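Residue numbering begins at 1 within each chain, and the chains themselves are lettered A, B, C, D, E, F, G, H, I, J, K and L in the order written.
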Amino acid sequence: MVNHVYKKVELVGSSPDSIEAAIENAIQMAGKSLKNLDWFEVIDTRGQIKDGKVAHYQVEIKVGFRIEN
Amino acid sequence: MVNHVYKKVELVGSSPDSIEAAIENAIQMAGKSLKNLDWFEVIDTRGQIKDGKVAHYQVEIKVGFRIEN
Amino acid sequence: MVNHVYKKVELVGSSPDSIEAAIENAIQMAGKSLKNLDWFEVIDTRGQIKDGKVAHYQVEIKVGFRIEN
Amino acid sequence: MVNHVYKKVELVGSSPDSIEAAIENAIQMAGKSLKNLDWFEVIDTRGQIKDGKVAHYQVEIKVGFRIEN
Amino acid sequence: MVNHVYKKVELVGSSPDSIEAAIENAIQMAGKSLKNLDWFEVIDTRGQIKDGKVAHYQVEIKVGFRIEN
Amino acid sequence: MVNHVYKKVELVGSSPDSIEAAIENAIQMAGKSLKNLDWFEVIDTRGQIKDGKVAHYQVEIKVGFRIEN
Amino acid sequence: MVNHVYKKVELVGSSPDSIEAAIENAIQMAGKSLKNLDWFEVIDTRGQIKDGKVAHYQVEIKVGFRIEN
Amino acid sequence: MVNHVYKKVELVGSSPDSIEAAIENAIQMAGKSLKNLDWFEVIDTRGQIKDGKVAHYQVEIKVGFRIEN
Amino acid sequence: MVNHVYKKVELVGSSPDSIEAAIENAIQMAGKSLKNLDWFEVIDTRGQIKDGKVAHYQVEIKVGFRIEN
Amino acid sequence: MVNHVYKKVELVGSSPDSIEAAIENAIQMAGKSLKNLDWFEVIDTRGQIKDGKVAHYQVEIKVGFRIEN
Amino acid sequence: MVNHVYKKVELVGSSPDSIEAAIENAIQMAGKSLKNLDWFEVIDTRGQIKDGKVAHYQVEIKVGFRIEN
Amino acid sequence: MVNHVYKKVELVGSSPDSIEAAIENAIQMAGKSLKNLDWFEVIDTRGQIKDGKVAHYQVEIKVGFRIEN
């Protein structure tokens, strides 16, 4: 059995719709350059306000992925 | 007037759909064995990734309930 | 160029529907008395439980707004 | 049913007598200008020392109150 | 010599009188169902306000007790 | 697919030998009354000193286990 | 002797020059509407980058001031 | 005007009576070997339980004092 | 409108002169390999002492930059 | 004298044997693609449980390395 | 019964072998100048890397000891 | 090779001029009674306000020094 090693990168995704959509956007972008994406952790949730409404949610996540030998 | 005492338990609910659904699932399960559920606090939000998408959200909550004398 | 100064106030919004709706409710209320709302940060997410279900979400946010000279 | 919104303000009360008295002093002062005070949270407890004894306790609290529409 | 194992449970005690009384109330309740109570740790101190005064203190504690083999 | 729910309990294990042995002792004790133990998280590491040496390590962990429906 | 009560407000000052200047700008603005400013605490230091250089420092502070009876 | 320098030491006071008495005991002991005690900060509040009651409160404080040139 | 995604990297800059210079050095180095640098956050400030004086400041920052599609 | 800049990456190493072995595995993997590894910091220690025993330790570390000009 | 007062000092021990050995080294050194050492708490675990391997572990601990009257 | 042990002390330096000067003042004072000063860590930055301006910066640091055998 191998002793896996994982790396975590820190991303901020945004979406005008929901916290979940902001998370999905960040993960989708991460998947373009990284393989073996395994889990995410929400670090911070914030957003911009325009005209007294949420313009977009900004969710900071850490994404963990297995490093291939 | 009685001086109420509350207990808090720590649960992790999961759902493929949303953060709210993961919270609801954990509370629904807690309600099967505990009475007087009163409030919850979100401690941590994370999730698993499969095929570059969120497979399910995992939300850690603390659930507070009143202890009956 | 001016050196802007911002103030942050701490609000708790609630909604029976979702975390996002609770955030929106707090921001909408803030907009009634404050101008130049610029961003928000989620500080805490919790809620009340009634009959074994989430009765309403309570989301504590900080709202930042530019102070006019 | 209305979706209440609450605001929190940060106060430091002091008293030579006890932690509880310092909390009460801060709440009493808050009540002079704010309505609908609902709850408080202790953030920090400290104090000044004079002649090798506690001169007064300084307790930092957040006070939450419902914003009326 | 045995290698003791301890468990910690999270309780919220309340009292209209003082922080210490709220702690004592939580411990007294814990002692009704748990044996070998050994120590407590204060996690959070808050309370409800009624008519501009502290209605009751709510102190969240963790109580540690030795698990018997 | 089911939406699993997990519970976490907080334990303190001790051992005169090593941090790892203290963790193992806590998990072994947990396994006597709980099923489906899944993961642990180290929360705090401390210990007692006797005669200028470590008498035993005390490691506080949270143990997560799946709740069966 | 009176038992003073203090209030704390949260501000973000900015300056292209230094962390100290950003602090001073926030305090100067606070002084326009508040009296009895007594102390500040740095909460967070960040800034904007333009053309690979710091465009301005943004320092979040809490400012404490005595509430007059 | 001199630029004062302060040192902080970390103490744990205990008392069977109250949190305030535990703080006073620690400060009283500090005053036996240190001069110019100026302020204290409560870091942690815990205690021992005996026979289902608080045996003594243990309050960890930091004590600040001015260093004489 | 696009939903931007940002990445954050963690750097430690150093300078014998000031905290600001240490920040600038880290950002300047980041700009050699990364585009679209947008903001920084100070995480930790420390430094080395030589001959009883600050030899250099070491400032840990996170640098955020927009990921191009 | 040059003003060194360091970068920190976040890794999770695993080992069935010990916390130290999990750390070493993460560092060994980091050394395959990064030069000038200088220090590490333990961020989190956790692990998987199988059959009531620790199956493997998972240690999250940050690894710092000097960036060459 | 006396109300004991304890002091805590902050030490960093190092060892090329293990986390436990680094803790023991710090405690052994503390015992040369301090009496009544009672407990320790691990605050931080880090280390130096040389040639892609852990050169030595550096463990920051707080050591508590009873102050004699 | 010896396994060095370091001690850390907590100081608050002040200066009317800058954060850096407050740090230097604390380190200079530490150097009068301690040898082998090695590094410092900034813990907290605050200050006093007089007449709507920063009267002096107060920077809390920890200073680490090697203990000689």
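The rule we apply is simple: a contact is a pair of C-beta atoms (placed from the backbone, for glycine too) under 8 Å apart; a residue touches a chain by one contact, two chains touch by 3 or more.
Because the structure is a prediction, the values reported are computed rather than measured.
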Review point. Chains shared as neighbours by chain E and chain L?
Key: H
Exercise for review: Name, by label, each chain that touches both members of the pair chain B and chain J.
Suggested key: A, F
**Study point:** Listed chain pair D-G, D-H or E-H that repeats interface K-L [over half of contact pairs the same by residue number]
**Key:** D-G
Review point. Is it true that over half of the residue numbers where chain K touches chain L are used by both copies, so same, or is it different?
Key: different
Exercise for review: Please report how many Å separate the Cα centroid of chain I from that of chain L, as a whole number.
Suggested key: 22
Practice item. Could you put a whole-Å number on the gap between the CA centroids of chain C and chain E? Key: 32
Point to revise | Rounded Å distance, chain B centre to chain E centre (Cα mean) | key: 22
Revision key, fill the gap. Expected list for chain E, residues touching two or more other chains, is 9-10, 18-19
Review point. Which of the chains are touching one another, listed as pairs?
Key: A-B, A-C, A-I, A-J, B-C, B-E, B-F, C-D, C-G, D-E, D-G, D-H, E-F, E-H, F-J, F-K, G-I, G-L, H-K, H-L, I-J, I-L, J-K, K-L
Check your understanding: Tell me, which parts of chain L touch chain G in their complex?
Key -> 18-19, 44-49, 52-54, 57
Point to revise | chain K residues touching chain F - in the complex, by the definition given at the top | key: 18-20, 23-24, 27-28, 31, 37-42, 63
**Study point:** chain J contact footprint on chain A (complex, rising order)
**Key:** 1, 3-10, 62, 64, 67, 69
Review point. Across the complex, what residues on chain I touch chain J?
Key: 9-16, 21-22, 25-26, 29, 56, 60
